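Labels for the chains are A, B, C and D, by order of writing; each one numbers its residues from 1.
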Amino acid sequence: MNLTDEQKAEIETARTARFETVRPTVPALEAMMFNPLPVLDHGFVRVVDYMGDDAAVVQAARVSYGKGTRKTTEDDGLIRYLMRHHHSTPFEMCEIKYHIKLPIFVARQWIRHRTANVNEYSARYSIMDKDVYIPEAAKLATQSADNRQGRGDVLNAETAARVLQLLRDDAEQTYNHYEEMLDENGIGLARELARMNLTLNTYTQWYWKTDLHNLFHFLRLRADAHAQYEIRVYAEAMLETVKAWVPASYAAFCDYRLGAVTFSARMMDVLKKRLAGEAVDQSASGLSKREWSEMMAALGTGPLTTK
Amino acid sequence: MNLTDEQKAEIETARTARFETVRPTVPALEAMMFNPLPVLDHGFVRVVDYMGDDAAVVQAARVSYGKGTRKTTEDDGLIRYLMRHHHSTPFEMCEIKYHIKLPIFVARQWIRHRTANVNEYSARYSIMDKDVYIPEAAKLATQSADNRQGRGDVLNAETAARVLQLLRDDAEQTYNHYEEMLDENGIGLARELARMNLTLNTYTQWYWKTDLHNLFHFLRLRADAHAQYEIRVYAEAMLETVKAWVPASYAAFCDYRLGAVTFSARMMDVLKKRLAGEAVDQSASGLSKREWSEMMAALGTGPLTTK
Amino acid sequence: MNLTDEQKAEIETARTARFETVRPTVPALEAMMFNPLPVLDHGFVRVVDYMGDDAAVVQAARVSYGKGTRKTTEDDGLIRYLMRHHHSTPFEMCEIKYHIKLPIFVARQWIRHRTANVNEYSARYSIMDKDVYIPEAAKLATQSADNRQGRGDVLNAETAARVLQLLRDDAEQTYNHYEEMLDENGIGLARELARMNLTLNTYTQWYWKTDLHNLFHFLRLRADAHAQYEIRVYAEAMLETVKAWVPASYAAFCDYRLGAVTFSARMMDVLKKRLAGEAVDQSASGLSKREWSEMMAALGTGPLTTK
Amino acid sequence: MNLTDEQKAEIETARTARFETVRPTVPALEAMMFNPLPVLDHGFVRVVDYMGDDAAVVQAARVSYGKGTRKTTEDDGLIRYLMRHHHSTPFEMCEIKYHIKLPIFVARQWIRHRTANVNEYSARYSIMDKDVYIPEAAKLATQSADNRQGRGDVLNAETAARVLQLLRDDAEQTYNHYEEMLDENGIGLARELARMNLTLNTYTQWYWKTDLHNLFHFLRLRADAHAQYEIRVYAEAMLETVKAWVPASYAAFCDYRLGAVTFSARMMDVLKKRLAGEAVDQSASGLSKREWSEMMAALGTGPLTTK
């Protein structure tokens, strides 16, 4: 993270201000607010505002006049019930706003989540900072042999060095040319044109605001092991903020979404047979090889795989 | 409004609590929070939470690290610029949540605004209150002769009395039968079935949450003179809350939306000719009679109409 | 269904027209088009337009220049893969439009699905038909004792007769008063006001258009055994149209959604222990009684429950 | 446009197929289907499917059983009425699907229109083509002096040549390194990583589907003179397809949106005074200088500007 002194001072000012409110307030999240959580080499996630808490979920589900909460165990039970049965609207009653700095190729994946509000730093209007994502060598891997959209083995040191050299030099050169084209005492090209010379690992920034239901949807997909590493680390940082903000909803989310497994109708047939003591192998299961291995992975290396 | 003592106490508890926060806070709106603003005979609107303020609009537009505000006049100018040029995303960075009690036929119009979060009191799960909207006599009017979806003259006293009698008696009878069907010591019919006997003026309630941009869109349509009276009064109550919450955005909204007039390309031709001193009447204008009268109404009864 | 002769003739005209197109076309769905499928006593669902087919899902997933399809087995495999991994955007590339007649209380549940386009018959503008939903006696049931939003036992004949009497008489009376208030030679009340006297089982109509992904989401929730009977029958009629339209996507939907079961992280622990031959009962499972019984129901009354 | 022979053959096959349908069909649009309309140096827009026509707008507005159309003049009048009064839902009943090839920096603007369905060519899964947008020299302009997000004067020949040289060389080099990193017999870097070295003028492709109302919204903003040239040319190509598809809706759109002008409440005061023969200049108008000049521009160089 390359924050200027001015930016650091602005953040400090925001963090030390104190206001009085009648609104639901979450001290654990207040303590994290405005502070950038570092992600990748120059990126960050920081909470800049929020609305609601676990009690607001309960309150909306009950359409109540006051807080709507009862005993903690009852409220937790209700939150778990809502999550389990996909009653999503009460979770939509909480809202959070982040300021995020992220590489453009990550931003392009991210923006496909349409149910959110976004204000991005405008490269038509402003000049982009010279911040470019260069991966750690340990994260450079070959194309996966068996997953067309994944990574395989980590590159050896020499090959990794070559990749890093290419990425660094090309980013340096294209950014320098970007600056040359923009130079008001030189070419003075319009910003909306000059930006096209930047590479996709250039960092951008945005304000991104969403409700808790849609945030959970985002996190389930992006904190998943199949998500690209460079977006997953953002999801992981955000999970920490959600845990501080709405601990009961977060726990229900972990149980019913992050850690849950869905079995298809065909998989359920296999499962029922197995539980009844019947041996079933892939060829008799009606499942493709890939589905079979996905199912076995979900169940762990148990008795099913050995038959 | 028929609030129970318990409901009043819950509201009072919420109003008198005080929490400390680092979030943007609007004292003028805090002072209104939780308090029901009466609408129609038994309805209300009350603010139950909010996120952001005028400065948050500016902050998002600038994707800034701190508050992002400069001089008040600069910030106001930016807000006016954003509103004028339909740069809607910064206004989406503010969010507000209402608890609303409203007749079902109003709720059915309201819900067509899709970009909002809603939790409605469930008549599958709970028993509906015996609250029914009965209009004031002064609001009972005939079908408009020239507008197929509007009202004309107010009914005379005798006819109005007949209408009120019918509405009251039918609401009373259908609700009593609803209760009879629900009675656990009698028929015990499922709630999801019994509810079908209620009339459309029965009150329902919901939590309704939306961002400032979509709220403005709602208010522009529903605070309009062509909106049905029974939804317009809700929009008017909400306008008061918006004025307290984001005064600069509200002022820009009044100027560029509520009080603005759009002229079609054909109307612009008429307008330019008139400003050049040329006489144009409806037959030569290319406008239909209705469009012509809409245009004249927008311009006031001025020189255009007398030529 | 009470169709007028004029309506029948209009439908017949549409059904017998023939046009030439280069667009993807599905003969099995063409054969069903415009024809109302009866639902409840006066309701219906009829397909009035559609866009795309199974091949359009494949084509979009491949962003191809032509049809994008290969061997049927490859295409089916891709569709199954997309469904299994929640790659929903290719399914959004198919669109369908229905004309639906349904009771207002059903319409109020339905409209909560926001990602669809709707044009409803306007009771501000037009006079509502005298069509009211009266359930069959066999569908009248008590409030469920163990599910706060469900039905229990069917009413006995005498009690059912009383309920039907109440529903019929109240609907008859409120509709007659609606007509009396509207009478242009009598009271002449504005339509937007008179409508409030109608009961919630009055039928309304709308055009409803959505994409295949969102339709599947609707059908998964509304064709579910926990959905209210009166909306489930609409979902079932629509399932028939989807089966004719996109058979491969429909089959994947049945396997991975309708017939699938999701186990929470805690349930997975139980499952793995059981598969390893370990006995686990509810008290040791970490599951609530309700979750335990939901899990046992999903697995069938097998060896797990007897231990 | 660089289409391969295989791609051309696929398009030709699609264009010459003929199917029979009972659906609304628009011969003028059928004749354009599948054919790529060239945009910029390597981009295109082509219609790959559509649903509905002008009559479908009318039919939905009337919630009719048959075509719902009456005399052409009545239908046109209804369409104009709907457009004028922002009754947008009937226009949502028509849907269109495009296959579009466009530079990534244009795609990043485009995707901010959230109410659409998108399937983009995946650079995690596939290798990007070597197609890069290089502007024509005549389109290279300086940063605008008075509009922070616009262009000013065209560059002189020598400066333009330098810019084109930089853009070409950097695109060539970064793409070559992209290929080197991907090479399966060399580095074999994962595609999801290698793509980050590409510049923002690299072409991508997507299937993009939206309804007519949202398409009009997109076109109003992107066919506007203030939109960046590189996205405006796509909007202009799409306007041609809309004109062929729904001529009556298109005409209403041109009159009430593209050619329309909105005056703020303050501007209306100025206008009314002027029409009453009163002289008003900027200083007395309550308008900022920028607003005043926007208003004068909208009215043309008439008597107002000379006072």
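In the analysis below, contacts are C-beta pairs under 8 Å (C-beta built on N, C-alpha and C of every residue); 3 or more make two chains touch, one makes a residue touch a chain.
Please read these numbers as outputs of a predicted model, since none were measured by experiment.
Undergrad: How would the chain C/chain D interface be labelled, same or different, where same requires over half of its residue numbers to be shared?
TA: Copies use mostly the same positions to touch.
Undergrad: Which chain pair shares more contacting C-beta pairs: A-D, or A-C?
TA: A-D
Undergrad: Roughly how far is chain A from chain C, centre to centre by C-alpha average, rounded to an integer in Å?
TA: 33
Undergrad: Where the centres are mean C-alpha positions, what is the separation of chain C from chain D, in Å?
TA: Chain centres of chain C and chain D, defined by C-alpha means, are spaced 35 Å apart.
Undergrad: Could you list which residues of chain D touch at least two other chains?
TA: As it turns out, chain D has residues touching two or more other chains at 89, 112, 118.
Undergrad: Report the residues of chain A in contact with chain B in the complex, numbered from low to high.
TA: Listed in rising order, the residues of chain A that touch chain B are 3, 6-7, 9-11, 13-25, 30, 33-34, 48-52, 56, 59-61, 63-67, 89-90, 92-93, 95, 97, 99, 117-121, 205-207, 209, 211.
Undergrad: Provide the residue numbers of chain D that touch chain A in the complex, in ascending order.
TA: Per the stated touch rule, the residues are 103-105, 107-108, 111-112, 114-115, 118, 122-125, 133, 135, 140-144, 148-152, 155, 159, 162-163, 166-167, 170, 173-174, 177, 180-182, 184, 187-193, 195-201, 228.
Undergrad: In the complex, go through chain D and note every residue touching chain B.
TA: Those residues of chain D that touch chain B are 77, 80, 84-86, 89, 112, 221, 226, 254-256, 258-268, 271-272, 274-277, 288, 291, 298-300, 302-304.
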